[in-house]
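Chain nomenclature is as follows: A, B, C and D, assigned in order of appearance, with residue numbering initiated at 1 for each chain independently.
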Amino acid sequence: MLPFSASSDDDRFHEECGVFGVYGHKDAAALTALGLHALQHRGQEACGIVSVEGENFHAHRALGLVDATFSSAAVMDMLKGNKAIGHNRYATSGDTILRNVQPVYGDLSFGGFAIAHNGNLTNAYKIREGLVKKGSIFQSTSDTEVIVHLVATAAEGTPILDRLKQALTIVQGAYSLVAATADEMIGLRDPYGVRPLLLGKLGDAYILTSESCGLDIIGAELVRDVRPGEAVVVNDNGVEFVQLLPQQSKRFCIFEYVYFARPDSVLENKSVYHTRRQIGVELAKEAPCIGADIVVPVPDSGVPSAIGYAAQSGLPFELGIIRNHYVGRTFIEPTDQIRHLGVKLKHNANKAYIKGKSIVLVDDSIVRGTTSRKIVEMVREAGAREVHMRISSPPTKHSCYYGIDTPDSAELMANRFSIDDIRKQINVDSLAYISLDGLYRAVGEAKRDPENPGFCDACFSGKYPIALTDHEDGRPDKKVSSLNEYKAART
Amino acid sequence: MLPFSASSDDDRFHEECGVFGVYGHKDAAALTALGLHALQHRGQEACGIVSVEGENFHAHRALGLVDATFSSAAVMDMLKGNKAIGHNRYATSGDTILRNVQPVYGDLSFGGFAIAHNGNLTNAYKIREGLVKKGSIFQSTSDTEVIVHLVATAAEGTPILDRLKQALTIVQGAYSLVAATADEMIGLRDPYGVRPLLLGKLGDAYILTSESCGLDIIGAELVRDVRPGEAVVVNDNGVEFVQLLPQQSKRFCIFEYVYFARPDSVLENKSVYHTRRQIGVELAKEAPCIGADIVVPVPDSGVPSAIGYAAQSGLPFELGIIRNHYVGRTFIEPTDQIRHLGVKLKHNANKAYIKGKSIVLVDDSIVRGTTSRKIVEMVREAGAREVHMRISSPPTKHSCYYGIDTPDSAELMANRFSIDDIRKQINVDSLAYISLDGLYRAVGEAKRDPENPGFCDACFSGKYPIALTDHEDGRPDKKVSSLNEYKAART
Amino acid sequence: MLPFSASSDDDRFHEECGVFGVYGHKDAAALTALGLHALQHRGQEACGIVSVEGENFHAHRALGLVDATFSSAAVMDMLKGNKAIGHNRYATSGDTILRNVQPVYGDLSFGGFAIAHNGNLTNAYKIREGLVKKGSIFQSTSDTEVIVHLVATAAEGTPILDRLKQALTIVQGAYSLVAATADEMIGLRDPYGVRPLLLGKLGDAYILTSESCGLDIIGAELVRDVRPGEAVVVNDNGVEFVQLLPQQSKRFCIFEYVYFARPDSVLENKSVYHTRRQIGVELAKEAPCIGADIVVPVPDSGVPSAIGYAAQSGLPFELGIIRNHYVGRTFIEPTDQIRHLGVKLKHNANKAYIKGKSIVLVDDSIVRGTTSRKIVEMVREAGAREVHMRISSPPTKHSCYYGIDTPDSAELMANRFSIDDIRKQINVDSLAYISLDGLYRAVGEAKRDPENPGFCDACFSGKYPIALTDHEDGRPDKKVSSLNEYKAART
Amino acid sequence: MLPFSASSDDDRFHEECGVFGVYGHKDAAALTALGLHALQHRGQEACGIVSVEGENFHAHRALGLVDATFSSAAVMDMLKGNKAIGHNRYATSGDTILRNVQPVYGDLSFGGFAIAHNGNLTNAYKIREGLVKKGSIFQSTSDTEVIVHLVATAAEGTPILDRLKQALTIVQGAYSLVAATADEMIGLRDPYGVRPLLLGKLGDAYILTSESCGLDIIGAELVRDVRPGEAVVVNDNGVEFVQLLPQQSKRFCIFEYVYFARPDSVLENKSVYHTRRQIGVELAKEAPCIGADIVVPVPDSGVPSAIGYAAQSGLPFELGIIRNHYVGRTFIEPTDQIRHLGVKLKHNANKAYIKGKSIVLVDDSIVRGTTSRKIVEMVREAGAREVHMRISSPPTKHSCYYGIDTPDSAELMANRFSIDDIRKQINVDSLAYISLDGLYRAVGEAKRDPENPGFCDACFSGKYPIALTDHEDGRPDKKVSSLNEYKAART
């Protein structure tokens, strides 16, 4: 019997990162830890904070959750200074190594430079190869380090903002950056604004955060979202907005609304909870379920859409599946005999309540289909008479190269099978996904404009707004976590 | 800055224990670990398993959660044997010590004896004093050890069931026991049946568990609840039911339905979810809230009653408060300056959704009032127009001596203040509790029979069904976790 | 590759314990930790301290060395009080368990009682069986716990000294005890005085220690050795000596001089270093080595005798074998290929110096012979022309039942083979042991009196001064570290 | 009470590093771990191994001793490949950080490159400043990283040996390097040969090691010392010797013989034990001690010279001071009251033996004088009638910049005081150091040739053979362990 991951049956997507920064508060590192805690859902594998005290930079990074990592007085006392930036990371591979934990720090000719990054560069390995030839030494496989080396190798005397501009003109991909020098904090979004980044204010201090829930936890107020291609520069003179890179038509990741962001966040002026609930409303209009008894969410991500679906359809909303709050990351490996019992570590059917009923199950997406199959089986064993599945996103057919950990397209169920085949495989009486237009209606558009959709919806539509250079050249196209993995991918 | 407990603002009740046992399965310890995982909400501080392999007993106990404690292959390999019993523990004090972690084991004259216990004995310290005078040496402050010593000091040759009968005739209090000898597993409830205990079956194996969700996780089926005063004896000849102690009128803890048990459990043939939802229905009848906009649960325990309240009242059920899933047990100590920010580690208001609305907040209880105050304040700061609080239990006025960790009566808000005073203090526009009769209607009775209420409701009514000997004699009346604490209490 | 013990090739004897106590010093626990550190060679597996503060007893016990165990401020702050007793333990088995770590504590009818013990009882299991039948519950397999249960079960009201007298009248074996109640510290040696125990003084405080080096480390002065059967009682009135048990003819363990005790200790008024050096002198007289070039000690225990041998013989004393100071307890498991290299983790020959020379190797004993064989092989490979082995003890033919971890007699090389056979097996040109009379001369006697030898020399002579009841009855005759091991031994 | 370092009273010198490498053995990493274990005395703070498996490099580095770091099967299984290099490190500062632990690894344009280094560069910071200006990013404060960056920034296509030559032509200082690429292992000594490096052979495998004891532990044979400025290149074609840098007159560190190297090592064809013993002989000739009773070494480094002194003088060699083998790194902080007791954690006087005697204490050096003072005080308190101190090195007046951690010259007692003042301060009846010429006689020279002494003896003579560029420019001149320390030093 060996430990196995309770999440081994979890074929959800994973956001790769959350970023946070504070400028001008005596408890900068403590506020950053709180902000990262609020952003924990964006990356649970590792986290780090770099604080800036005069010309000195203090760093602490670790594998693990934010509260465990920053609960030590010794650690917090060490992170002195009134500026700090932080990062949550989701690892794309089991052998997460500490070298890849951000923020990345470099001791450059103009002084210390720290940077944290949410997103994924699509030509990072191409750039890296050129830099290595000229003598740059990489310590990690993080694409963030590419940016640091580009910044480092600019001509001596170049100001930091020009260094960043030069670097990011070369770089392709989706990114929201938070950086710190001895004097400044800089926030920056890629020209398409794929990943979120917001500016907030707490008294005289400025805050950068991936989501507005990072402001709420410390009682800060929202100033506004950073714009595509825009740099926000905070220093002792206040805040300055610079359109560093030419703004392209906005392509904010629509999946942030569907699944990633916390429901209490407001991104690009839209409430995530409201949007998610509206998807349920649209879904009930597009795919009603006459004759069903109750609407049951797959906890917890399916809850807001299930509430919307129930409200629109007039069916009762009920907790037909109960989640175990204590699911840890690993558990005892069951023997084959135990495995056949179908151990319910994460969820249990509310048997007494769903027995004999026709239920509408609402979930946010189907990835490989393994989770859906298990949940339907559990619900049927508990005695549900009929099971109707409603999905609050369009079929996920394409992999993401902009910072979300998605399986290869070839592993995505919707890429391989028709909706009716999926229905049969997961064994439901009916199956419906929200349409792409329905999704756009839920976020407040009349319909999707194919020429300029306003969001990145490549995972549904296959329309990638930003070039996939490494992918097309056969280089590694996702983050790899170890040098050997990189090497294996390179050869 | 020092670590502090994120739960320091948590003035909830705490169940003290969960028990589980398996007889006759080659993976007995692994199944027990899974059962304890399903019962984790009944005790998060510590856990332990004793397995029985022939005449040998193997034990592993640790502070911490079940999944972490039993995720090691070395530990699971060591817990050999086809019988096992296990225990989850909630500690009543910060300095939990490993000696107090159950199951308790004794090497008695007839062989090994292991026992785990949910509940609290009300004359444990009186009995202990007598035993110590005769030379018994106690290793812990657990009242379970009192039972072991009573069993040990019976006349040589007395069979185990008679030893238990002799011991439990002396003992007062609430208890559900699971015990193991080399040959047998025994389950036993006190004569009033205060704490739950159920028998299940998985193929040829028998299972004992505090709640039915412990059966579901391993796919076992429910046989029936153990009866008050009844012993269930499982050995290689099968199962035998013995009415070991005279059955008293049943007094099952009604608070298990209100708060403690998992909603997917069925206890004494009643669905916890359904009962909890019915409380919401009754509450909406007793205390409607005309003109409110939405019903908002305090997550997660308030959700089922809020669903019932919304359904009965016709108001929409909405997630107006979002819970952070990553709340750990400790976090950085905020400085005073940060503390004033009202850091929202556990919950955040869904500001965009509740702004300007009149909301009905549904929670399960008010203990000291600190949590309610903070939640109301958070909701008001988020812009709620009106806040109406509805509580799905009657006012909690009396402390529990039967196995639930409640503050002393003097600290209970409802013991000190009128409902209107409480309303003012927590700053809500209206406040209502379910009535005691309403609660009995929700569990399926027409009304409460004051002579024979059928449940223990002492925390609401002050009617204690079992004598409080240690309490009345001025001895320690709750579990203490260290010998010095005991000593301090004794002198 | 698996970890293996660097000491797996170490077939030395092991002393099982060191004891220490302080009465009447505000830093009692800190002084006890220092004393245990000085006595670390008597037991390296585990250690513990119980301090006494008024009526409260504070305990900390752990597996590991003293300096690591008591280097934490939190631990030392917890061990309050002006009395403390402590214990070092050598484990007889790999699965040392924390329950067996001393001092043992019991909460008895007259208050707290802590005790630590150096030695081994020879009828512990017989007594234990009787106690268990009457209802005593044992937590460990330590024979010390037998004494605690005997003390606990005395008639109520019996004073502690009478309780001890009653208990020790029943008990057989070798023991030096240090015990503490709320008011007193008691030191006690068995009637034969097999194991050492000394009383010291530091200002107004009294100290009990297994060796005088425990006094030196804290600058305390020696008062005198405790006498066989004598109890030393220290309380606020000062110190009192009570001949608690009838004194038998003294049988102090002669092997303490040969190997166990630290060379800087003085036991029973004899310097260990001087005695050990004198053995070398006697050995050089009995077994000179004409024509050899240098005398080489097997480090470190052979050094003093080698100095004596060199001085008496006129041969130069040289470090022909160098010890690696960093030998830890475990190391990487060599593959077979590496194993054949004869990895020299602990010792290395001083090749440049012994090449071509005829050397006299001085060691303290030969147990199973494996170590001697390896050392001789190493020395020969380094180019020694001739190797003559001299052993500073008589042939070890019999196992010890009085507190020293010796292999069973059947495994002792000298029990199985003649001296000449041993010589051939370990491959030396000549081999000589000191004679029993020579050993007695070295400790200052004219010769050994067979009727009343004055020392316990059972390991050499086979004359056991104290009955071996458990051994003769077929019960476990050595300490066992787990209940299952005990059980296995019992059946 | 806080933990303090048991070595806080230790004002010895510290070697900074040991290096080891294996080429062509299937257990390369395991052999490297054994080699590092034998070299543990050269650096106890941290250690690391990089193994090479085809094109992949595997690394494990940790703070702590070799046996603890490499006792895990998981770690050893990961370190696959038939080449490996390793490093032991002594940290110059308390806040050792993992980034500074060697071997250093870089992913360069030609593939992986790992390097480990014993010594200190005297213009590392000057070179570093130039590299940072051009965009190199440093991860550590190790001067080894300077070499890696110089190697990385050579023109594309330059072979590795040319890259090293270019780099080392720029670099000044003392260094013995072991490096590995995918195809080769390279060993290299600076042009003066200040630090040792030897080549050995084990079957078909080649070994590089700082001392010959690293060969003995695995049964390898010595080929020869690497020559000053020479590169040893090992690849699948065998071994090749290349005079990479112009050889200067040899300046091997004479202090390796006096103190650092293990006595069983042979360096530059001289036995360390023999040399150290000869120093004692010369010292007895230069500074006899007529009328003394015994010669007592300060353990353990003083032992060989004391043996030589005793042999030459005819006085008996005796262990008058006993070392505690269990001295750990930290221990409880004594209160003031305890501190005044003069706690003897590391050494104890053999009181019974030295009382009333006139003793000659032999030690290897006096640094700040604190240790000597304490030892003399201890010996006097134990009753020594007279104490004569003999030091087996000339007065240490100058700090080392070539890889040994020495206090600043201003803190060296011999730099501040005359020999007679030192004698008074450490309170001895007489004090003598070996003369510089005497030391040269002991290593086999007739006398020291001031023009070309053949050894580096700068710590005694002040004649530094290699330029101290950083020191003279006011840059950091010793290793610093954190970026902030570096920064602080830079500004």
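Following the convention adopted for this analysis, contacts are C-beta pairs under 8 Å (C-beta built on N, C-alpha and C of every residue); 3 or more make two chains touch, one makes a residue touch a chain.
This is a predicted model, so every value here is computed, not measured.
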Most distant chain from subunit C by Cα centroid: A
Whole-Å gap separating subunit C and subunit D, where each centre is the average of the chain's CA atoms: 37
Distance from subunit D to subunit B - Cα centre to Cα centre, in angstrom: 61
Rounded Å distance, subunit B centre to subunit C centre (Cα mean): 50
Multi-partner residues of subunit D (at least 2 other chains): none
Pairwise chain contacts, counting only pairs that touch as defined: A-B, A-D, B-C, C-D
In the complex, subunit B residues that touch subunit A: 1-3, 6, 26-27, 30-31, 33-34, 37-38, 40-41, 44, 65-68, 70-73, 76-77, 202, 213, 216-219, 262-264, 266, 271, 273-274, 277, 300, 303-304, 307, 311, 316-319, 322, 324-335, 337-338, 341-345, 348-353
Touching residues (chain side subunit D, partner subunit A) in the complex: 55-58, 106-109, 112, 132-139, 148-149, 152-154, 156, 483-484, 487, 491
